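Following this line, the structures themselves.
Here come two complexes built around chain A, the first alongside chain B, the second alongside chain C.
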Partner chain A sequence: MSAGTYLQPASVDDALRLLAEHDGAALVAGGTDLVVGTRQGKRTLPETLVAIHRLPGLDGIAEDGGALAIGALATHDAIERSELVRGRWTALADASAIVGSPATRHVGTLGGNLANASPAMETGAPLAVLGAEVALRSAAGSRTVAVGELWAGPGRTTAAPGEMITGVRVPAPAEGSGSAYVRLEYRRSMEIAVVGAAALVTLAGDGTVADARVALTAVAPTIVRSPAAEESLRGGRPTPEAIASAAAAVHDAASPISDVRGSDAYRTAMIEVIARRAIDVAARRAGGEAVPVPATMTVGGTR
Partner chain B sequence: MSHACTLNVNGISYPLQLDAGRTLLTVLRGELGLTGAKEGCDDSECGACMVLVDGRPVNACSYLALQADGREITTVEGLAKDGELHPLQAAFLDEGGVQCGFCTPGMLISAEALLRRNPDPSEDEVRLALGGNLCRCTGYQKIARAVLAAAPGPTS
Partner chain C sequence: MATAAQKKFIRPDGKDKVTGLGRYTADLTMTGMLHACFRYADHAHARIRSIDASRARALPGVFCVLTQDDVPDVRYGPFVEDRTLFARDVVRYEGEVVAAVAATTPEIASEAAALIDVDYEPLPVVSDVEAALRDGATLIHEGWSGYSASEDVVREGNDASRSTIVKGDVEAALASADAVVKERYVADMSHAVPIEPHAAIAQWQGDRVTVWSSTQVPYIARSGVATTLQIPEGHVRIIVPHLGGGFGGKCEFHYEAHVAALARATDRPVRLVFSRSEEFIAPDHRREGQVIELETGVMKDGTLVARRGRLILDNGAYSADAPFFPQLAAMHAVGPYRIPNVSVDASLAYTNTTPSGSVRAPTAPQACWAVEQHMDSVAAAIGMDPVELRRRNILKEGDTTATNQVLEPIGAAETLERAVELIAYGRELPEDEAIGVGCGWWPSFGGPSGAFVKLNGDGSGTIITGAQECGTGAVMALPILVAEELGMRPEDFSILAQDTDAGGWDAGASGSQTTFNNGRAVIEAAREVRAQLLELAEEELEASREDIELVDGVARVKGSPTKSVPITTLAETAQGDRLLLGKGSGSPPLTPDVDASGCTGRLGMETFAAPTFITHAVRVRVDRETGVCRVLEVAASHDCGVILNPVGAEGQVEGGVVMGIGMATLEGSIVGDDGRQRNPHLLDYKLQTAADAPPISIAFVDAPSPYGGPKGSKGTGEPPCVPTPGAIGNAIAQVTGARVHRLPMTPERVWAASHGVDA
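Now for the complex of A and B:
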């Protein structure tokens, strides 16, 4: 594997300057996508690597004015173990806990997962239902985009050359909310979602659904929300029948492909099942039930 | 273009000049002669290359050596001390957790990472901790049993 230059900036500003100065330079944090992809022959290693894994201050996981602020270098392992994330942004903990293997989770970062923009990424659907915003910086300035606006297609983002994801801000879910992420998997570890779904359910005082959000994994070119499923849930009680009916509505957003992990027909059949499980767990959590993280292993994952 | 770096492996410092694209595994095996970590899939799937970097399990086949500059690296060669097998190594032998041996260094390293964090794991926790390590011989039962046998148990 050849690469020309390895640069190790001492600060975010340094990193942004290096990105601006070197055409085609790429950021590397954990390398679990960049380096592995190179090993697999999917790409060549970029001529210039800007290694950001040691940049100080970008791996935080903290509450900030009620919102959750996560630095781009926070690892899946750190997110999975955060009591803060588990408590109030539970769907994200569900997802981080099942990324790859322990080694993947120790090295892989949230920023890297977002930037890699795989339609099968685990953290995307949870961040989509939780309403996350992604902070981007470049030498020219900074901006914030809704997470759904970050992804442009498989492996592609709307980040401009020279822009770097510095962190994610996730608003506090409303009172009475619960969230969950569930994936269909053939095995518990080293797995990539066959399909996956995240749900956020907010219950009103009378037990009806005040708000609902549903997002789907690995059934479209990017992570997608399902407006039809969300609309179906709102205003009613989260009974098994209502949840099944909402899950049956996700096909508005699902246009899966066939690949080595599953056919389009199989994915179409399964996304409904997985969405039902995700909505069910989110509703149970919204009602105060402590459904253990990761939800996938609680509600019918491989054992 | 080569870059200066220092790898601290099993308590020894190695000053090196490395090309940017070198993986940690090729440096450990090719430059330092530490052939315990194995190249299996070379793809982060099989775990035979597992080493600890600052105590965390890392697939060395897919980790840039330069990214480990200055970090504390532990390979399977660093487990035994003063001629005494590490408790995990002894337990693997006692329980029959070693057959062809190719996966063993990675299994030991992943198990060591687990026990450093959780000295009293359940069998399910052991299996999840070894989820990134493939073994084609043992069927995993004896490996899981060995890790449980080597676990120090609850800390008081």
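Now for the complex of A and C:
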């Protein structure tokens, strides 16, 4: 396993110039998808690697005018530990805390997770329900896309060749909101989602659901929202029955496949269970209950 | 009880291993070294029409490409000689080696391997053991009847080895039983998964070759190289650097000869290092799948009266050491219970999958998983508590086994009582938790083994042994045993091991036999040194040797502790003109005679010599909605005779329990109809992680065996992974009310069983 050329630019501008100059060049930060995938024989390394893991200023996690601004190089570990993220964008902390292993989380980055565009990615569903926008830059300029517009299919994004994810901006959830991400996992570490779900629940002053968003992991070619589940929750109280009924509506968005991790029938049954747990935790957090991060370790029969 | 020295002596190779300083085979580099890569079969079953390596040979950096045409035409195999180094005419599984390349870099070698043009005529793939044994099934080995084989192997067609145990009259006993329970279980293939994949380096000097190899069995590897390359055994030297585990996956002779042949053809050292996926598909030592049908007759009072069993084990495409598995599995199908009427029939079916071989307690965890769940089903049929059913039938001293072995003093019943006591069986639990119990047994394997012990001039010692350290703790147990004989500290001894030119022959790190057999050898060697020391001390202390003892690093006159001389002084004195050197092998312990006239396919397993008995009790939480199980607590009680090295024995139990949890819940290969493994990597072949490991409490039952190893000890390495899957299955069934008949009991299978879904 070796790449022809390894380049380490000193600035984002340098990185973008190198990307533009070298045909088939690819960015590498933590390498937890690129290198591992190559070792598994899923892909060959690109001819040219542009290593950005040491670029300054891209690993920030900060509040910016009420929104959360995260640099593309922020590691899962840093996000998981951030009190800011845990406090208000909790679903993202739930997800970052269970990516791979401790080693993966220390080198793996949010930007890399988004760019890898795996339908089983952990951070995608939380960012989708939180309404995140992704900042892209190329030698030609900058643009912003809603996170849901970034993914084009398994392993594919809408980013143009030469474009680089520089960061993510997540708006402040409305007052009375809680969010959560839960995945179905077979073991306690080094795991990948069999299915997963994120939920954001915003409660009105009278305890009814003012807004709800639900996104699903590993049941479609990309992370997908479930409009039917969201609609089902809005306007009612988040009772166990209402949450179960909303979870039963996620099948509108789920089209799971059979693979070595589970059959389509099992995934179909499980996405409902996991979505119900995610909505439940989000609603409890919206109501002020401190459900510990990561929620996956907290709920269900495998707590 | 453990002595203070035993408690504080920590394995001397531990620090190197955990800090990354340890040098494994893949870390070694030789001047001018080339890199090897294999071309594997492109089909699980196909006839080779032609092999054209011209494009590969033309690639710059490629030094040679070898096929079966380039090595002696020798068939080999420990029981049935059914294989060759490279595929000859037919490929029979996806990991079969068709050709090998040596090149200047691993990348070039890999590219060249892909450039070899192999023209195949695909043949029907047999991946199911029951289909393999049906009339008219495609023969995996058309020429099987012409293969040389051990005369004791009963074989026909795709059945590579058949064994039966018959005792009493099963038909009559089943007919008169109060209840009869019949069940069928299926276990998938799984793997040893050592943390270090296979690696080997070969270097020739003249007509002699040295191979550094990650083998568990260096002497068997030496024989393999000599046999397949047709050179004298004395021209082959095998050295094993640090070994990163094996669990049986590195038993038998594997790739040493391929690498040696490449090195000879290129006049260069050649190194082969496996990737993780190669580690799954290629080596002929995966844990075999089984189909297990059991039928048991029981009386209302819990007395077991009959057991009928039909087992089919998956041999894979070639016979490694698996031909003795049917008899071993048949013994496990009876289990550690008194059953007067038994009829078990076990077969070993050839299929187009990766060959099976010994993996830690071969056949036992799968067979025991079925039998122990079956025991709970039998208990349910008569409304009896499952522990009580075991209590009434478990083997005791003086009992006769299904093969008419009369048992010596054993601690089987005690392990049951201690395990249920440790886990507080019968207590109130949350509704999603339950305690499951499983019992098992396992034989010890006595055999020849050799060692030398020498004392150096500075008073330190060296143990030169043929024993192989694969993580099981020989590096701890051997110094402890030698130090005890010589009144020294275990820390005083280094070990020169794993070099076939230095140590005495040993069967290797297999069959839980290292301390059992090599322990005996080092004790005997140490006793020779002890005699030499006493002779020196007689002169120094002017006392007769009967009055001298070796204690705390000195030789002293009994009763007069002030009259002493340090052993270091004796060693220094001896350096001038005497060699403080002992040798040992010792006679292997006796094996009890049995009248196994009711057995066929006898390959030595009709006797369970110095048997170990095990009970594991597990507390499991089941997420009913998802089928995900979590083992919360394990109590493990073992009768493995006298414990010689408590730290090592506890480590074996802990590791074995966690391995058993993995086998129970997640570890299994998914094989397609094309005979290929679908999950040959660690993301989807899921091992247990440290985060999954539950608290494990351990109770050893001291039952010294007259047929045992040193001091009445028994084998300790393999038994801990035997009963865990069965115990977990029982806990799952108690929570969900639905038994899982397929191993591993994955979340989806648990969910499907409890929701009445086919999966």
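Keep in mind that, in the parts below, the second predicted complex is superposed on the first by the 300 of 303 C-alpha atoms of A that agree within 3 Å, B and C clash if a C-alpha of one lies under 4 Å from a C-alpha of the other, contacts with A are read in each partner's own complex, and residues count from 1 in each chain.
Convention: a residue touches a chain if its C-beta (ideal position, glycine included) is under 8 Å from a C-beta of that chain, and two chains touch if they have at least 3 such contacts.
Every value quoted in this text rests on a predicted model; they were computed, and no experiment measured them.
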Side-by-side fit of chain B and chain C on chain A, or clash: clash
Touched partner set for A:Y6, first chain B, second chain C, both or neither: first
Partner chain(s) touched by A:A103 [first = chain B, second = chain C, both, neither]: first
Which superposed partner A:L45 touches (first chain B, second chain C, both, neither): first
Chain B versus chain C as contact partner of A:I192, first or second or both or neither: second
Touching partner for A:V273 - first (chain B), second (chain C), both, neither: second
Contacts of A:T32 with chain B and chain C, given as first, second, both or neither: first
Footprint overlap on chain A, where chain B in one structure and chain C in the other make contact: 1-2, 39-40, 101, 188-190
In the complex, chain A residues that touch chain C: 1-2, 39-41, 101, 184-190, 192, 194, 260-263, 265-266, 269-270, 273-274, 300-302
List of chain C residues in touch with chain A within their complex: 107, 275-277, 432, 621-626, 628-630, 665-666, 670, 678-679, 681-684, 686, 688-692, 746-748, 751-752, 755, 757, 759
Complex contacts: residues of chain B adjacent to chain A: 1, 3, 19-23, 42-45, 47, 50, 56-59, 61-64, 66-67, 69, 110, 113-114, 128-129, 131-133
In the complex, chain A residues that touch chain B: 1-6, 8, 28, 31-32, 35-36, 38-40, 45, 49, 51, 53, 77, 100-104, 106-107, 188-190
